[in-house]
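Two complexes are shown next, each including subunit A; its partner changes from subunit B in the first to subunit C in the second.
After this line comes the complex of A and B, so read on.
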């Protein structure tokens, strides 16, 4: 059978807006900082995106290294397939999270980062979020490999949908008695709470702009794509830049860009240029596929589909319900941040959030991209889908891909389902219009 | 008259349905998808147009009582004669193509002999052709490739032996030619063939009613205008259709099932490479759907593979499995594993029918899982796709539906393979009426 979509197709002359270029420069700078760590003597902390304590890490002059981000970069650069296979050769089964396998495989093949330079070995592993059990196992493997200090900050799961004072106190106690002393020991830098306050203040400033940007998708047409574009937007704040002046500048700059687009009534910028006409507004649950990111995105914008809200852009912090890092309560605010990330939220909370997004952003429906190798977050997604459908009366659909394992991206299949979904939305609109007329 | 065409380009077969302005089915056509969707699409479309002619003949005659039976007999003769004409035409094309292959160093010394042998093979093929289309004759397949191919190989073998030529020369010529012939668009002169067929029928039966002849001629004069065409199925992206001529197969299957059975709420379609569970509302609008993901385990191809492994025809699987009183427990629906599972069990002495029944159950189990993810089964339930023709699969489906959902009306149309094409044709009809891209019911 001949399928015209070629997964290896390289897009020519990809269009980027200025903010995207700036973002890329920041990320490149960060990877250089990591690669330079060997010469500069800077110490490195590996940690994960959900619940990452960048402000705290900076207090100890540590450089933040995020294994998931490395896996994403490998996916985007089409390296992850070989890394995943390398990890399988080392004995990791086919069903294991492909972020983990990409990371393990990358290290086995010389730990070369996206800038083509060797990434440093971590001096400390800081696990600050426990909603994903795989993270713990992942760090267990890394600890075995690097024999370095491991810090395990336990974040209680938000099973009942609330953060209690006890939960915060429990975390603050861990920060004081375990996390901070260990970080001091590894780094040789004494903890200064005022320095932390300063960073937190900067975080909150950038967070305000981030929320403004993500919520700009309430406009019609939406000036941004809050999923495919959103992934670029969250890069700095979910990674090594939260709490820095760079992040403040970037989000201020991005906000201006978004404002210009709103004023001009423009839609998002896609790799093929500005989006023509907004035909479908979607809320998306689940991470994107990174091995065929551009091809995947194209399946949306070619059909005039814009993502107006996504849960994935909240995995490294949920700010749109009011949370901001609060310099007046430095340790408590770190605890609340970890507790509030999307992935620490219970199934009912996720349903509430997605249903609210469908309403608030006047979306046509919910699309779930279920990840083959992510058992913890795929569990219950069909229930989420049905419940959101029931509450909002809007049609939902389900597609399946993977994070960074190219073997699990079947373009023809995904495209088929997406097209069916878009046409279903259209058909239902027609049906609804007729019902009203009758 | 205006006609609306729906074409479903499946991975195994390509189907076409022609609708009239009253939403009535004029004709259906099917062909193997081959490696050329463009040709497959044209062949299926032409087959549907041929079928439509017969519908028009019937309409012209009306059908009542004794006269009706005579008309049916006459039309059956006409159809056989037409198919024969069509077969002979394709045979002619194949012969010419074969002759053209006889060039180059390979044939340098034997070219004349090979040409003569090919001529002889085709003379024999032509001579036995009328018997293939005689009343009551059964053909292994309705596709030219299958009918002509098996006979060519048999005849060529004896012709080669007698002429003391290497058989593989004739084989090679055929292999190259059949691909070319099959991928060539079909010839368009349907009316010539109908005229020839009519002549053949009148020559064979001197007492052919002049009125019948006149009615057929009248129906043949009706021009079938292809007013709007909608394509669906996996092959749709390869066709030179513009966007408004393409619909998702999910929507087409939903609408097609609704047209066949207006009370349908749940549709299961098991095709060559995917299984779809679809929920539709009272208007045939899709409410929800699920498809097999990442892998095509448990789809129609699984049965094709099993048939190959067991050296059986696809249509023989169901009847054999029906003989089983004690189906084997097989859980894997991986097509590749199925072969190993099969041999393993055969080696252990399990009965072929029991293993087959188990394999059918495995497919249906997977389909039931897809349906449950699409929201379960609501009354009425319509089963479509190539696998719906398999009685053993249907038996397992009925059992599992009863176990999981209780009493549910299960609809299976003998023409269910055309469901997607039918939905496509209705979308085409709506689009021609200028309704919102054909999507507005």
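After this line comes the complex of A and C, so read on.
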């Protein structure tokens, strides 16, 4: 199909897409709710994206504040560099996770949120300890600062690729005997399990649409970019909206838009308009770089590379293998949700998942973006790369950046590596074609 | 036969330390048909269960500064600590080919991911990530931990082809209680007379317990304490320091020596914590697994790999260690890129600051060769401590 309208015009139209407008409004309202908490008397819970128990938090009328999302926002607004330096000046090591340092630096500099207003101090830290060791220290650091109630919910690691009854029982016990009573105490709201069920029902509805959207990348061309675009798509469900009507609406709109793009044979929407020709289909492992997010993305779409599946869009929940929040087993389902997030999956599970993505999404190969300061993702990625390459026979490549520390984003390096990778893919294709011809 | 001197004992321990082929453990295994060896990494494993299975728990602590890492570097980016890559090197080069199982305790994301790598790279070897509770209520974390230990017990029963009885477990707890008591005695003796027991010697003596059967190790410690206290060594005008942050990747022996050469007496440290993780004796009566769980929950050491539920208690253990040992300062020395140690450090430092305890910090790698900067820093620190206390 030949597209005759100019990409810029489409971009403008797309900018007005219902889903995008909806998401913007949702985020603005959310940050206002947070900033207004001081006047409205709303209580605030800080928690993490992996293992985010938004439905439970809402049962206590608490507003969900996510330090990781704040760090991402700081990265996107190019403020994280200064924040990281501020934290390092205060004695934090240059070696550790830059999310933590961005958060700490941001607090030191007045704790100003993306809407330019001060973020509130949390009333409770709900440490959902899922898939990353840094979380534990991060919340100890926050507790030192805010001196508020800290609740620890431990998610056992899925080391053997299975969820054992001991794991679920442990989590449910923590929820019943520790997490819920403490949340009741902090919020003054009595726990109502039926309210939780209602939220969970809504979560599952939005999750169905999210999976549909992510799996739409099986189409050729893919109507979405499942990494750069995917980061926007996961925002509401990984953040403060899972279990709300807003999330249901957002994913419904998005699904409709994706359907329209599929019907029109269109590729993903990029900041420069729709991608015209899909040349490469990639699976990406690892978080993105946020300080140069646009520039990073551009290096892909300029070359006609679209990401058809990514592991990062599973950090706040892995839904594409069938898991949905189940209102009939409210506490168990929360436990299983936490257990299943990507970072809580063993390395062999990660390999299986990525190799399966390469096959299912008919990708040209795997690209790993290794984050300098994130051990949870980075340790073992070179083995992941080799194994996926071995199993799929498709080429893999490795680039290195950081999440929110601009010092570790070298555009020239990344671009070089990407270019050689695309050449490798071409060669492989050429080789395969020759093989067929011979 | 006359009692061995510290020189003899330390020389034997140094041989064990330097032997990257683990000959002693191999010999133990070969001495009797059917014997099994279970490797484990830092920071803590209930070795009693392995011992009760009739197996040898073998501490795997990376390759130190003598191992040439050729393959391991291909598995790790430059911004990840050294211990996983040298451990992989040990595996890939066949140095661990006699090991029947590997345990990867919950300490950090690197070791956690290494547990999965081991499964992929050495699929025929039993490998298990050993999770521990980070919540300390008996009914919650305790129950979970009993479950984890029970699974480990079952796995080892399968590998060993025999039941691990409660009686055997109690017997093992007994020998480890004795070992822990001796190590504590050693640490206390060193804190009192650090000039008699140089830190590098104490390290080697304790480290021997990573490769020897516990009974033989206890004997060595007893001999060393007796020999060290019997020898007369000159007292130097050193400053007394506690070391913090060395609980996983091991510092080069030269680093420990350098600290003493630069004017510091090490009176406490967090090296090889597995040997004294549990504080006090684990009771011998009742359910042994339950007793081990109770000891873990309520009577165990603090370290960065563990969650501290009580803000008031955060870092206090370090202040207590300083008081208990009469130390004058703390040296934070941890491996580069070590998340737990480095993320914890600022919190510990602020506790020390409020307690008026001086400290310095630097990083190392297990294969660091250049000791001059460390010597200078530690020397300046030792001097300044003296100046402060004189003022």
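Here is the rule we go by: the second predicted complex is superposed on the first by the 418 of 438 C-alpha atoms of A that agree within 3 Å, B and C clash if a C-alpha of one lies under 4 Å from a C-alpha of the other, contacts with A are read in each partner's own complex, and residues count from 1 in each chain.
Operating definition for what follows: contacts are C-beta pairs under 8 Å (C-beta built on N, C-alpha and C of every residue); 3 or more make two chains touch, one makes a residue touch a chain.
Please read these numbers as outputs of a predicted model, since none were measured by experiment.
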item	value
Contacts of A:100 with subunit B and subunit C, given as first, second, both or neither	second
Subunit B versus subunit C as contact partner of A:410, first or second or both or neither	first
First (subunit B), second (subunit C), both or neither touched by A:140	second
Touching partner for A:25 - first (subunit B), second (subunit C), both, neither	neither
Partner chain in contact with A:427 - subunit B first, subunit C second, else both or neither	first
Contacts of A:359 with subunit B and subunit C, given as first, second, both or neither	neither
Subunit B versus subunit C as contact partner of A:351, first or second or both or neither	second
When both partners are placed on the shared chain, which of subunit B and subunit C touches more of subunit A	C
Partner chain(s) touched by A:276 [first = subunit B, second = subunit C, both, neither]	neither
Contacts of A:395 with subunit B and subunit C, given as first, second, both or neither	first
On subunit A, the residue positions that both subunit B and subunit C contact, one per complex	372, 382, 400
Sites on subunit A touched by subunit C in the complex	90-93, 95-97, 100, 129, 132-134, 136-138, 140-141, 143-144, 147, 150, 152, 154, 156-157, 159-160, 164, 166-167, 169-170, 173-174, 177-178, 346-351, 370, 372-373, 375-376, 378-383, 387, 400
Subunit C residues touching subunit A - in the complex, by the definition given at the top	74-77, 79-80, 84, 106, 108-110, 112-117, 119-121, 128-129, 131, 133-135, 137, 139-141, 143-144, 147-148, 151, 304-305, 307-309, 311, 314, 336-340, 342-347, 349-350, 363
Residue ranges of subunit A touching subunit B (in the complex, touch as defined)	1-5, 372, 382, 386, 389, 395-398, 400, 408, 410, 412-413, 415-417, 419-420, 423-424, 426-428, 430-431, 433-434
Subunit A-touching residues of subunit B, taken from the complex the two chains share	11, 33, 35, 37, 234-235, 237-238, 247-251, 274, 281, 283, 285-291, 293-294, 373, 375, 436-437, 439-441
